[in-house]
Structures are given as structure tokens and as C-alpha cells.
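Quick one: this structure, given as C-alpha cells, is what I'll be asking you about.
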Amino acid sequence: MNNNIVNLQDKLQALLLSQQGNFVQGSVADYIPALAKVNPALAGISVAAIDGKTVGVGDYQRPFSIQSISKVFGLVMAMNRIGDSLWQRVNMEPSGQPFNSIIQLEWEKGIPRNPVINAGALLVADVLTSHFSASKLAFLSFMRTLAGTEAIYVDNNVYQSELSHGNRNAALAYLMKSFGNIQADIPALLSHYFTQCSVSMSCEQLAQSLLFLANKGVDPRTNEVICSPKDAHRVNAILSTSGMYDQSGEFAFSVGLPAKSGVGGGIIAIVPGYGVICTWSPPLNKFGNSVVGVNLVAAIAEELGLSIYH
Amino acid sequence: MNNNIVNLQDKLQALLLSQQGNFVQGSVADYIPALAKVNPALAGISVAAIDGKTVGVGDYQRPFSIQSISKVFGLVMAMNRIGDSLWQRVNMEPSGQPFNSIIQLEWEKGIPRNPVINAGALLVADVLTSHFSASKLAFLSFMRTLAGTEAIYVDNNVYQSELSHGNRNAALAYLMKSFGNIQADIPALLSHYFTQCSVSMSCEQLAQSLLFLANKGVDPRTNEVICSPKDAHRVNAILSTSGMYDQSGEFAFSVGLPAKSGVGGGIIAIVPGYGVICTWSPPLNKFGNSVVGVNLVAAIAEELGLSIYH
Amino acid sequence: MNNNIVNLQDKLQALLLSQQGNFVQGSVADYIPALAKVNPALAGISVAAIDGKTVGVGDYQRPFSIQSISKVFGLVMAMNRIGDSLWQRVNMEPSGQPFNSIIQLEWEKGIPRNPVINAGALLVADVLTSHFSASKLAFLSFMRTLAGTEAIYVDNNVYQSELSHGNRNAALAYLMKSFGNIQADIPALLSHYFTQCSVSMSCEQLAQSLLFLANKGVDPRTNEVICSPKDAHRVNAILSTSGMYDQSGEFAFSVGLPAKSGVGGGIIAIVPGYGVICTWSPPLNKFGNSVVGVNLVAAIAEELGLSIYH
Amino acid sequence: MNNNIVNLQDKLQALLLSQQGNFVQGSVADYIPALAKVNPALAGISVAAIDGKTVGVGDYQRPFSIQSISKVFGLVMAMNRIGDSLWQRVNMEPSGQPFNSIIQLEWEKGIPRNPVINAGALLVADVLTSHFSASKLAFLSFMRTLAGTEAIYVDNNVYQSELSHGNRNAALAYLMKSFGNIQADIPALLSHYFTQCSVSMSCEQLAQSLLFLANKGVDPRTNEVICSPKDAHRVNAILSTSGMYDQSGEFAFSVGLPAKSGVGGGIIAIVPGYGVICTWSPPLNKFGNSVVGVNLVAAIAEELGLSIYH
């Protein structure tokens, strides 16, 4: 592994520059108005290493809507809270279907394929809603601890927008409830879920927050145990097979890192034993992943010789 | 990584012993008579390291029907032969469906989800049949080179059995042909495909043969380049997301190694930078993977601290 | 056609008697407690002819939960209210899927296959909820007019039970709303839908109420036009291809009448130019149709020489 | 029913004329070259009544490729040959899927939904191939008897074309064989099936040949029993729910007659108790049904007051 971090900032800067022409190859998420008006030319990169080194370029300190990246944090909270019983209610298999498909959920009797597709994340949200007296606050508190700052907020504009365009997620939740796999009231569950999705964070905050996944569950800045080594392994495994929607296989094939994307344009990639890469660029490809983000993570992984598959 | 190989043989022996009671938890493949009569109590383990060390216990030198493990070798041959054009005819996404599902193939207009489900392996067989004048011989020759011995044979009994029970594979092939994604005549294609599946090899031979995938494409015994580093990476990525049928996600979650199983009871697992594990035990679980094999690979990976996800 | 109605009562009595042993071959609907406690041995038959003759045997005057038979009435109301624009929001094709399948709805982008599967009936309920200021009252008023009595009520016990077990219908409704094919608020829509389903009527009332479908849209008792001849034709066509859930083809094959069943155990069958048959017996077969009811309608149709297919 | 047949010829002539502009709204079947070169402006109508009256206009005596209309004749032969055991190998439910879908066949374990979709017709062909020593001759002989002429031939050009583009049908057949629901060798089965499809007949011949279905199984010209009244009923029921591919429901809804179409542009419609309508016009709509043919049958049915649904 190339540890020559001194020049990394320059390299990241060059990489970001090389992607200027690619913003137009995707489209900013437009299913909710609040996301549709984001400036498509904003872009940032942050790389945080477990040894404490950290670099960032572009808009790496500007908060954006983390959207589905929140699924990683929700999953860790649920694993910590109810342990292995979680895996009786959600599988850990790749989905082979678009991320919000209701077909598979019906086929598999209300058991989501994995916790990072929408159905699975709703299931996780049900666990949190049912097991925390104030699950939204608990989630925010977890995020603030990991980010090392109280200044992590929910974007209320995004939240309201999600809520008023949440019919498909409601359908998924009611379908799971019809199979007996949801305990909470659906409105409360959706309120928690959309709160998670509507958190705003910067590349720098996200990269720092997820260092424990690259370090066997331990936050290297504080030595605090965030989750067990086994659970860090499991989360990385799930992100490797399923974190990039229906482009997960291609991402493994061409990049080779556990990763999770969000329709806000963010991508986080875990490098076990090394650190975390976070990129942000709003225009999305047909799979719902950031066009420039995928390119950037691929280039950084190749530049630094990081991949779990060789 | 625990490199203390001196005690490995003892540990493997103990592991194998500990699995004696588990043979009864699975059923030997019975879709063809030739496989149904294998002794379910046979079992072997071979671990080959790229530094040349190698250990084996149990029936590790006894040849068995490699079945779908042959898909790994066929894939490498096809990648070498036609390069990236292969990926216009087969995807690299996990399937989220049972391994021989025809539904997904119909949905995706004759493009298989990946090259290690049956449809994808038939596509690969089409490439080989169409691009080699004597594709079966070419395949055998490749296997013999990798195994370092001429004594690699096709089990004709298995081959005839496959041929007479190959209706579903014929259906998959004709369906792809109806979409224009198959060039060869189907009988020739199936003949090649079943030849591949009917090769017999031992755990020791398989582990040795696949060392190049743990070593960036180079066979460490001969320093011969078997495939490019990029293609070794790609194969490992595909095996990680899709190599264990519809248990691939769970295997990544609990074990964390690129692997491929066959209904003959074999499993190979690649440990990038370290070596190859091969196990054999015929009784299969509901996913078509060896019950004892999955347990053994999991235990060996944990014992040696091998996993790509932490 | 055998018009010898004088002996019909005796024949119906004999037919009903002959089915005594068959109650045990089905199971009373148990998805809601209110239906689960109905006495499985209750049974009735009513045959109403457009010439005014009417006969009934058994419990033919005892009200039961009409459930999905209400879909026929809702459909007629919606056709009358918004005309052919209805058919841009719902198709008229048989479904080829279990009656409440969400898979087909997803495949076909929120357009239900036909108005007598659950998704289609929810769509119809959306039309009624959106186009009547008090849609439940309007529905009840329509039923009372057709039945010729004010004594038609909603069983509140059934209604509350439906409401608290309505998650799958909620999922269907939210999914259609996510495709833009539902206008009403879902809770209001579901409240209307479950009100329809929870109406109680007797065999005699149902048979009388539907005479207009056997008489080109005109109620023969009052000469009032209930719907156009074309719409009566259309409803009969839809009931012929789709009225008996996933047993519709078999029912056409072996009986040959437009019909609609409900999980309350009722079946109505239209005989164009002749009249209406209504049977009631709670135990259901695996398709959700009354076991004894299917037998009875088949026997009556054969006895009277009634079928549209010869 | 309007029995004024004296003017029928004039009315049919006027109807045919009124459709001149509609040929361009469809496309001639082009999946095989032999069909693609048919003149799209050819068109004919024949109406045969069971009382012996018969009229025809346009190209009603010109033979065309009957294609899937042959499924009706094959079905009758198979019902006659093996009786009710047929219905253990094929269902009688509408499909709710495009006519050659392999998905449904997989879902339902190799049991086709009904005998007039491709999978079901292949199943029927298997029955004929397995139960007649010379099934193609037997089929031709049956057609010649019904048509009342020896001059019924297979178009060898079409046959060869079908054979070389039959991969999807091969896939369907092999899939059914993999479920144990096909007995014959697939090549022999396909040869029979494509022979059936490649028969050429005129509107007049088809209308005459099918009079028995309008007359409770008895050929009114000869008083010969072609099938039982029950089986005539059953065939009409199946054609009503499933005869017009995925437009069957709409055809019932707007026309209301048991009917079967073929991609050669023919449509036959049975009017129980009256006779048979046959139309021919090659350009097809998106469902595979003749654009002008659907219009013509609808207009004739309305003109003559023929529909089974009022």
C-alpha cells in the first residue's frame, strides 16, 4: 500500500480537476424538490486514515444531504441494540434488483434482501423506532459523537420534501407490516427514516465518522469501541456486495472497496486497515450513484493501491 | 495474518474431525445419478500458500467432480481470449436469484447477471466454443498446465449423466440464443459446458491451480502470467459477490473470502496475497453449497485471521 | 334454456342438500377475526330471473359480508361517474396472479390489471372517494336503491377488523400513489374501500340487485337504467375473465358464467338474458372462492342449461 | 340476433372498405422472413353460419399462414386423444403475461397457464407427437376433414423459417422437459409444432372448419361429432379468456366473442349457436393481433348483435 500521503492532497486536487467535464454526464436527483436545486458543480473529496492523517479538497467541508449513507449508521445502531436477532428479520444477500423494488420483498415474504436497500433500511428504522424511546434523537446523538461535533443537523426542508414524496417507502413498509415484519406504526417509522436520510454532513465529517469500520470497530481517534470487530467485518461485507445499488457488482469489479452511496451525491468507501474515502458530487448515473464520485473513488483506490481483491 | 504454518496441518486435522457429525446435515447432489452415489463421508482440505508451503488433510488427494468450480477457469480463459468485449455479453452483478433461474435472464434480455451463475457460464462456454477450434481440449490443456500434471481427466460417467439431464441448461442456452447472445450451436455448446463440469480434480490440485488469483495473476510456482493483475482482481470481486450461489452474501458476511462452490461438494476460497483454500465434502445445503465445506472454510479463515473485510 | 321454474325450488333444495358433506373441504376466511367466527355450515341459494320469478333455499335471506362482491357495484358507480376515462387508470386484462399481488402492479407501473382485483378495486375506490363528497353514503345509497330496501348496513365489527388488518391494501394503495395513479389521501380511500367490503347483504338481495347486468343495464323491476348496455356488457366481460380470482379460467371452463366471489363466502353469477344466481357458504378453497358455492353455481348452470359458451 | 343474412355481404364489403386506411397502423410480423414479405394490403372476411349460409368478401379465399390459430385444432385433437388427463399437464387460466413468456412457466413449475399460449401449445404438441405414430399427418388429415378438402398444405418456406428462428420455443420446451412435463424429443416436438403453425388456409376454410365449436361439437354440414359438447364449451371458454394474447381481456370487454388470432394476421371468432367469423389482414398491433381484424370482428359482432356477454 502506498503510504506516501504527503503528496495526496495534490493528487486529489488533480483528480478533482480532471472530473470537471463529467458533471454533465449525470442528473441531480429530482424525486424531491429539495434535492433538485442543489448546484451540480459542487464537489469534494476527503480521505481520512486511521493513523490520524487526513486530507481534503474542493467542497469537502460543505454539508450535503447524506441520504442513503445514513443506512450504514442506522445498521450499526441496530446491530448494537438487538444483536444477532436482527438477522432473522433481514437477510444479507445482494438484491439483484433496483434499490427500491417491491417485487423481491413480496417474493421473500416481507424479509428484505439486505439492510442497505430501502426495504432493509426501513426494517432497521423499525428496530430503532421500537427500541429507543426517542429514536431520532438517539440517531442524531450517535452521529454527533462519531463526527466529534454537536453541529450535525437535519435539513428540515429535505425532511418535509421526503415526507411528501414518500409513497413508495410507505408501500414497502406496509407490505412488510402485512407480513408481520414491522412493529412500529408506519407514520412514526417513516418519520424516523426520513429524519435519518435528511441529515446533512460534509465529506470530512463522514470520512472521520466511519473510521471505526476500517479499524475493526474501534474509533482510532478515541479508542472507543463503536462496534465489535465481527460487526465491522459484517458491515464491510454487506457494503461490498450491496452498497452501490444495482451497480454494486461493477463497483467491486472495477474498484474493490466496501462502499455506500446516497442520492445526495455522496459516496463513502471503507479501506480496511487504512481509512475512509468520502466523495461528493450531486449528478447521478442511472443506478443512483454519483457519476464523478464513482470515478473519483476508483482513481483514488488505484492511485493508492487500495483494493480488497488483490 | 498468522503465518504459523507449521501447526496448520494439526489444526486442519482437528477441524476436519470436528465436522464428522455434520455430514448428515446435507444431501449429496442427486439431480444426476453419477453424483448421487458418491460416499457422503469423504472429506478433504488443502491449503496452498503463494510462498510454496502447502498442507492437506483427509481425502485431499482424491479427485472429485469439480462441477461449477470449473466456471472460474472457463472465465479466465474467456477473459484472456476476447478481453473486455466479454462484458458486453455478461454483467458482473450479483444475481439475487437461485443459480439457474431463467426469470432473470428473460428480464434482462438474455444478458446473464454474472459469469458464475449457470446462464453466465453457458455464455462463457459459448465464447470458448466459438473462439477455440477444439475448445474441450483447450480447456483440459489449461487445467493440466495449472495443475502441473497431465493426469487431469473428464469423468465420462458424469459427463453422460449431465448430458442426459441437461434440459434446464438447454433452456437457458436457447433463451440466450433467441436474444442473439449465443453464437455456437447449442449441442456443441452444451457438450463443452458439461465437459468442463465433469472434470475431476483433487483439493490439492485445485488449490495449487488457483494460486495465481491470490498472486495478482502470476503463478508463484512458475512465475508465469496466467492473467493480468486487473483480471485477477475482477475474478476475485465476482467470486466475492456471487461465487456461492444465493448464499454469497451470507458467506461474505460470515467468512469474507472470494470463493466458488460446486455441487460435487468442492469449495475453493482465494486469500489475496496469501494463497488458496480448497475443501471437499459432498453433502450440500439448500443453496447447493457443501455444508461441511462452508464450516471448514469459515473456521480456517478465522483461525488464520484471513478475511478481506477487516 | 330450461324455463321450468316451477320445480326449481325443489332442485335447489336437493342441490344444497347434496353439498352438506363439502363444507369441511374449505376453510372460513381467517385473515380477520370478524369473518373467522362465521358458522361454516350456513348456506343459501337465490335465483332471480329478469321476468320477476325468484326462488331461494337455505339461508338465502340471511345477510353475510359481501366483501369483494362489492367491487362489482363500485365499478358500476365509477363507470357511471367518470365514463371511459376510468380505463386510462385501470386495465381490463385478466391478472394471472393471486388476487392481491403487488408484483404485477409494480411491473405495470401502478396501473392495475383489472378493476376486480384488490389493486383495481382500490383504484375504483379512489375514483369514488375523489368524485363524491360523501362517497360511503353514496355507495350505501346505491346499494339500497338496487336492493329495494333501506335495510342495508355496514357491519361495523367487520369494518374495524378490516381496518386493523389492512396493511397489504395500504401497500397497494401507496404503491399506486407513488406512480401518480391515486388522488385521494390513503386513509380516506381505505376507509371507503373497507366500508364497501363490510356491507352485509343476503343472497336474495344480491341476486335482485344485480338483475340489471343480466338485462342490458336496465333493472327489470323498475325499468330504471342503472348503466348503459355497453357498460353492462363490459362488466360481464370483466367478471368472465377475472371475477373468480386465480380460478377464473377454470370457472369459465367448467361453468361458463360471469361471476364474482367474496371471501365472505358469497358468489354472484350473471346469466345474460335470464337472471342472477347468488350462493353463500363460508368455507373457501385455496383460491379464496367458496367451495360449496362453486359447486352449486356449476350444478345450477348445468341443470338450467345456462352457459355463455355454447 | 339479426338473421338478415341477405344484406350481410354488402355490409361486410362496406366494413372492409372502411378499414383501408388502417393497414398502416400495424406492422406485418417480421420475426421470420417468410412472413415479413406478405403484402400488408391483403384482407378478407368470411362469415359461416351453422344453418349453412356463408358469405365472404375481399381475399377470403386466399390461403394465409394460420400460425397460432392452429392451436385451436391441436387442442381439440389432444382433448379427443387423451381426455381429461390433459388438464393435469396444462392449466386453463389466463396468463396475464406476453404470449411467449418464460417467466410464468418457471414460476409455475413447468405447467403452462393455458393451451393457447406458446408453452401450452408446445405441451399440446407433445401430446400429439407422443400419441400419434405420424402426428404431422394426423394433424393435416384432421384439418383436411374439417375443411372438406384435401387441398390444405404446409407452407414449407414458412416452416423452414420457423425452424431456424425457433430458439425461444426451444427454450420453453426444454424448460418444461426439465420439469418432467414433456415426453417427446424436443426436435421432433418442435418439428410437429412448426408444421402446425405453417399450415396455410383461407378465411373461408377456417370459418367452415370451426363451425363445430359454434354447434356444441357437431359439424353442422355433416352432423359428425368432432368433439363433445362439454369440450366445445371448454375450448370456447379458453378462447374467451386467453385467445387474443395479452389483449384477451380488452377483446372480451369490447367485442365479446371467443376468438383466436395468429401472427399471420388471421382471427377466428366463434359465435355459439350462430356460426364463425374469420378475418385476415397481416399488419399486427403491439399485442400480435391483426389491427384491421380486431376492428372488423368488433364491427361485425356489433352489426349482427352477437356477443356472449349480453
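Think of it as A, B, C and D in the order they're written, each chain with its own count starting at 1.
Keep in mind that, in the parts below, contacts are C-beta pairs under 8 Å (C-beta built on N, C-alpha and C of every residue); 3 or more make two chains touch, one makes a residue touch a chain.
Just so you know, these numbers come straight off a predicted model, no measurement behind them.
When the partners of chain A are compared with those of chain C, no chain appears in both lists. Set against the Cα centre of chain B, the chain with the most distant centre is C. Work out the mean CA point of chain A and of chain D, and you get 55 Å between them.
In this assembly, the C-alpha centroid of chain C lies 32 Å from the C-alpha centroid of chain D. Counting partner chains per residue, chain C has no residue touching two or more of them. Inter-chain contacts, as defined above, occur between A-B, A-C, B-D, C-D. Interface residues of chain C, counted against chain D in their complex, comprise 91-97, 104, 113-114, 216, 229, 232-234, 236-238, 240-242, 246-250, 252-254, 256, 258, 272-273, 307-310.
Across the interface of their complex, chain C is touched by residues 101-103, 106-107, 167-168, 170-175, 177-178, 186 of chain A.
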